[in-house]
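Next, two complexes with chain A in common: one pairs it with chain B, the other with chain C.
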Partner chain A sequence: MSPTLLVMLVMMAVPVVMVFTYSTLSNVIMEREPEFVGLANYATLLSDPIFRKALGQTAIFTVTSVVFHLLLGLAFALMLNSTLLPRLASSLFRVVYILPWVFTASIVVILWQLMLNPNGVINYMLETLNLISTKVEWFSNPDLALGTVIFINVWAGYPFFMVSLLAGLQGIPKDLYEAAEIDGAGWRDRFFNITIPQLFPIIIAMAMLDFIWNLQQFPIIFLATGGGPLNATETIATYTYNLAFSKREFAMASASGVVLFLISAIVALFYVRHQKARD
Partner chain B sequence: MAVTARTRGRSQVGQRIGLWIGLTLGAVFAGFPALWMLLSSIKPNTEIFQFPPTFLPETFTLSAYTDILTSSEKLRFFLNSYAVASAVVLLTLFAGIMAGYALSRFTFPLKSLVNTVVISVQAVPPITLLIPYFGLVVWLKLYDSLWALILTYMVATIPYAILMMTGYFNTIPKELDEAVKVDGGSSMRALWQVLVPTARPGIVSVGAYTFMVAWNEFLFALTLTQSRSNRTVPVGIQLLMGEHSFKWSEMMAMSVLGCLPVLVLFLFFQRQFVSGITAGAVKA
Partner chain C sequence: MNRRLAALVTAGAAAALVLAGCSSDDGSSDDTVTLDFSQWWEVELSEGVMRGLMDRFEEEHPGVEVNLISNPYSATVDLQTSAAATGTLADIVAINGASVYDLQDQGAIADLSALMDDAGFDPAQLVSNDQIDGVTYMVRALNFAYPMYYNTDLLEAAGVTELPTTWEEFDAAAAAVTDPSSNVYAWSLPINVQSPAGFDSQSWLWASGNRMLEDRQPNFETPEIAEWLEFLKAQYDAGYVTPGAFTQQEQQKVEEFTAGRNAFLIGSLAHVAGIREANPDLNFSIGSVPSVSGEPSGIAGASWGLGIAENSEHKEEAWQLIEWLVSEDINSELAGEATGFPGNASSVPGFVEGDELYELAFEVYQSSEFVTELEGLPLALDLNRNLNENLVRLLQGEATVPETQASLQEYWNGVLSGE
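Let's turn to the complex of A and B:
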């Protein structure tokens, strides 16, 4: 069994070392004898306005996605856990609510491209409800594209939160609520003084994990807009991909990949400390 | 008393109505796109372009499905996806069972190392790993082969499998496998004849989760293969989309078939699936 772990370490640790090394060389893979350039690639990267734009948009994308994943996941979990809902109805609704999760990113994007097509069903509904007067270009309008991509990502990702929070809700001892009710606590008191504090460790753990995943989200953004229009949806992940696989600038791509890795690693470190503190 | 009971009854009715409105809105948000996909896949393509759109198909047709099922090129995408996902599941389970057994039965100072590896896998962005993997796969002469995908997917799935299998084996009393050894059986015999059958629910949920990861992966499949005959479903759909974006009904039929295996797995193993994933996420 230690061979397995050894292979895993090699498959993880060696590539990480490699990517750090690549990021300090002149264009690796494409040049036969790349030279050591120190931190020059990082300097070039940070002076690129598109990279800086991508950094900001990655932050917006990630934070907004995590917040909405949490809010939707919590709202759905609370409804499914309601004592007013018969068990059968709860199971049926749960399956419907989990549906977005069974679709792979590439199918999620195609589906929303059909629905958000200027002549598609969403524009038709909004027009019928008199919410819009002209057909909205959800993907090709630079002012809307980032919001559209975040919306799709929220749709595709909230079930994970919902499932974990539902498990958390079912684990809250019933007598806590009964005692609160005897004391005359209303639903608001019960929600903010029992439910939220009891769920808090799960919420923090999930939010950190989700933060890492969304920071690294690639397929949804890449397939929906490819980072465009006019870099309006460019994130570090799509920026790195374009550097490596369209421009063939592997050293620069490595530097950009290392930046993404370092941000993820910092959050992961907090996550590990949080988990250790819980044990 | 009677008054409070009545007001409480009334507020419960109000709560009930609010709850059902919320549940319905949620169901539309979550379920309508899936329903739209299914309905679009059984409409003729011309009907999809109609404005205003039709909800139920005016003309019902399965031609999008028959087109896919008779095209060897499109079937190949499915075949590749099934082959890659099955190989990843088998190899991952084997590694997970062996390593999980060792970690659970023999005291190695490695438990925390596994945890570290699991969380490290989460922390390293796929796009960052991809650059060295690309070089590595080319060097191993595996570029543009399904093996490139199988190997790289296992890096993500094995640590999770080890962690979960160790947990399952820990719940099985040691006396069970010691009884086999008293009868003269080896550790391997204890593992495969006693522990593995007992841990079957856990193995199934790890397998289902691994299948989902392998079936859904996009980035590595896009970059580590090149020829059409080595493409998996997520990449294949996108290729067809780029070429015939006007054939919406066929794209939707592809999508329905593409999410079918994960949906079926999910419906069958819902409980193990959900508890396995939450345990993994919260414990990892």
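Let's turn to the complex of A and C:
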């Protein structure tokens, strides 16, 4: 057996197989002799309205995050790549724009909790500008909580797209733009017919990776709202955590984890196929 | 051949890694016993206090060393849950009433009654000896009382000359001090679901002599519970509670009081030093949480307890450390450092004498019943979370008081009926 296979077996295959096995047993870990229950845990899971709500919110959280990561990342990358920007300013903005990515999730959440606190600076600014008359409860209002958490996640994650797309932009041959300019192409034509097609393979790869990461996002959501209020920010990750560490239903938590694993695996499969096709 | 050799070395390294992860022994070849002690105490005490105590224990007990595994409270609880499941719990574990039942249910913590007998320890030395089915699994090293803090400057400015003792008086005082245009609210009610740790809602019920349980079974459908829920709802609807209650956390609540934006705070005595340090100009006092009748009868309490892992190979030495920590002098010292009340009945915390606030708090503690209603219950954390979820639904207007009572009764019944 090759060393790579052995390490993969110990570090990946064994835990995955264990979680699959746990998901087919009665309350494993808490029961000394758990029984085989087949797919009963999955049936219970799918009949739980909170799980179904978490599933929908995970999709909203993930897709919105990926789209805004891409849009913001692309916008900032284009700006940093622009020849209109002086070199010193470009270097300074690079540092500023990448800062959110440098902070750990806990720092990101504390930072935004301070700013979005009902008595925080954001509400103060909005009140001063007469945009709001009462204090907005960004995290505690069930109608706003998911949007707030998505906003924080977008802020924390766009630099990854920005850095990768900036590298891609710098790799596009200049003569393509020069030839297009001679042919009379405007900035819009150059953007849609040169920049986007040239960046497309990177965008697809990044979007798929980002999709998988956001699908599993836990610390930002948990630290900000814990899935509440009234399950307004519950995603599969927080739902699974609560099953295991609050309700101590480890078999159900395993089943929930397997669902997340399967969704991630499908996207990962597309990612691998895409990478192979590129090669 | 080289490939095979490389594979063999890699396999050996991987196996060693796995085995090293499973071992709790330090692998030393001499007779020294190393005790792993998993706790959150070192994080919460001043720097060096916990290690200093362990160094003194090691000096007094040659041949025993203590390896502190320190993490914040919630991380400690999560780690213990995982470790209990895999049989890798540290020799000594700091636990509390919220986790003791589940750990004993998993068979992860040892019978301390037997260890006490073997060591000739008299449990009468302890303030309380909590048992599950007649067996002690946790020794309380410290108790923490949760009185009410009063910002006397805010109350004076609002014309409130006497501290409220009844809910009615509190309601009037809350109306007087609340001024949203200045960001001043009467109090904070953190009912988040990620770390439902405080007693901000329950204290009002307990102070009035009422309880959520009867004979360890839920008893929510009573007029007293309805009155309590209506009081909380009225406070929230009137706007006396700091906005953001549904996701506010314990520390944020303390910050609101420390910054002079809350007139009242229900919190552990451990906050006194932090508030004084962060805002030396703040004038505040301590008293009982107001009750329905004005006669306080219960004060919320939490504990720092100690247990021994069932899988420990050094139970005898582990018990020596617990016995040492709850001995009269050491326990007084620990209580002083943590601003808690000692688990040893003979210990007196040094901080009480000479400080008016602590003396007041000690009076409140002594004149009230120490209520730890959720301690020792199965899934205590989950029950607390469910309480908060139901309170959010009530305050949000998505459930009436009777619906909240019925919902709590049903969920808690499902958890506790199997006991």
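We adopt the following convention: the second predicted complex is superposed on the first by the 273 of 279 C-alpha atoms of A that agree within 3 Å, B and C clash if a C-alpha of one lies under 4 Å from a C-alpha of the other, contacts with A are read in each partner's own complex, and residues count from 1 in each chain.
Here, a residue touches a chain if its C-beta (ideal position, glycine included) is under 8 Å from a C-beta of that chain, and two chains touch if they have at least 3 such contacts.
If you're wondering where the values come from, they're calculated on a predicted model, not measured in any experiment.
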Side-by-side fit of chain B and chain C on chain A, or clash: clash
First (chain B), second (chain C), both or neither touched by A:Ala54: neither
First, second, both or neither for A:Thr104, with chain B first and chain C second: first
First (chain B), second (chain C), both or neither touched by A:Gly227: second
Contacts of A:Val258 with chain B and chain C, given as first, second, both or neither: first
Most chain A residues touched (candidates chain B, chain C): B
Partner chain(s) touched by A:Phe245 [first = chain B, second = chain C, both, neither]: both
Contacts of A:Glu137 with chain B and chain C, given as first, second, both or neither: second
First, second, both or neither for A:Asn119, with chain B first and chain C second: both
Partner chain(s) touched by A:Val272 [first = chain B, second = chain C, both, neither]: first
Touching partner for A:Tyr22 - first (chain B), second (chain C), both, neither: first
Single chain B stretch clashing with chain C - from 134-142, 152-160, 188-196 or 206-214: 134-142
On chain A, positions contacted by chain B and by chain C: 1-2, 29, 119, 223, 244-245, 250
Chain B contact footprint on chain A (complex, rising order): 1-2, 4-5, 8-9, 11-12, 14-16, 18-19, 22, 29, 75-76, 79, 82, 84-85, 89, 93, 95-100, 102-107, 110-112, 114-115, 119-121, 124, 155, 159-160, 163-164, 167, 202, 205-206, 209, 212-213, 215-216, 218-219, 223, 237, 240-241, 244-245, 250, 253-254, 257-258, 260-261, 264-265, 267-268, 271-272, 275
Complex contacts: residues of chain A adjacent to chain C: 1-3, 6-7, 10, 29-30, 32, 113, 117-119, 135, 137, 139-140, 142, 145, 222-230, 242, 244-248, 250
Interfacial residue positions of chain C with respect to chain A in the complex: 6-7, 10-11, 14, 18, 77-78, 81, 85, 102, 105-107, 180, 183, 192-195, 242-248, 252, 256, 261, 379, 381-382, 385, 389, 392-393, 396, 398
Of chain B, residues touching chain A in the complex: 12, 15-16, 19, 22-23, 26-27, 29-31, 33-34, 36-37, 40, 48-49, 51-53, 95, 98-99, 101-103, 108, 110, 113-114, 116-117, 119-136, 155, 158-159, 162, 215-216, 218-219, 223, 233-235, 237-238, 241, 248, 251-252, 255, 258-259, 262-263, 266-267, 270, 274-275, 277-278, 281-284
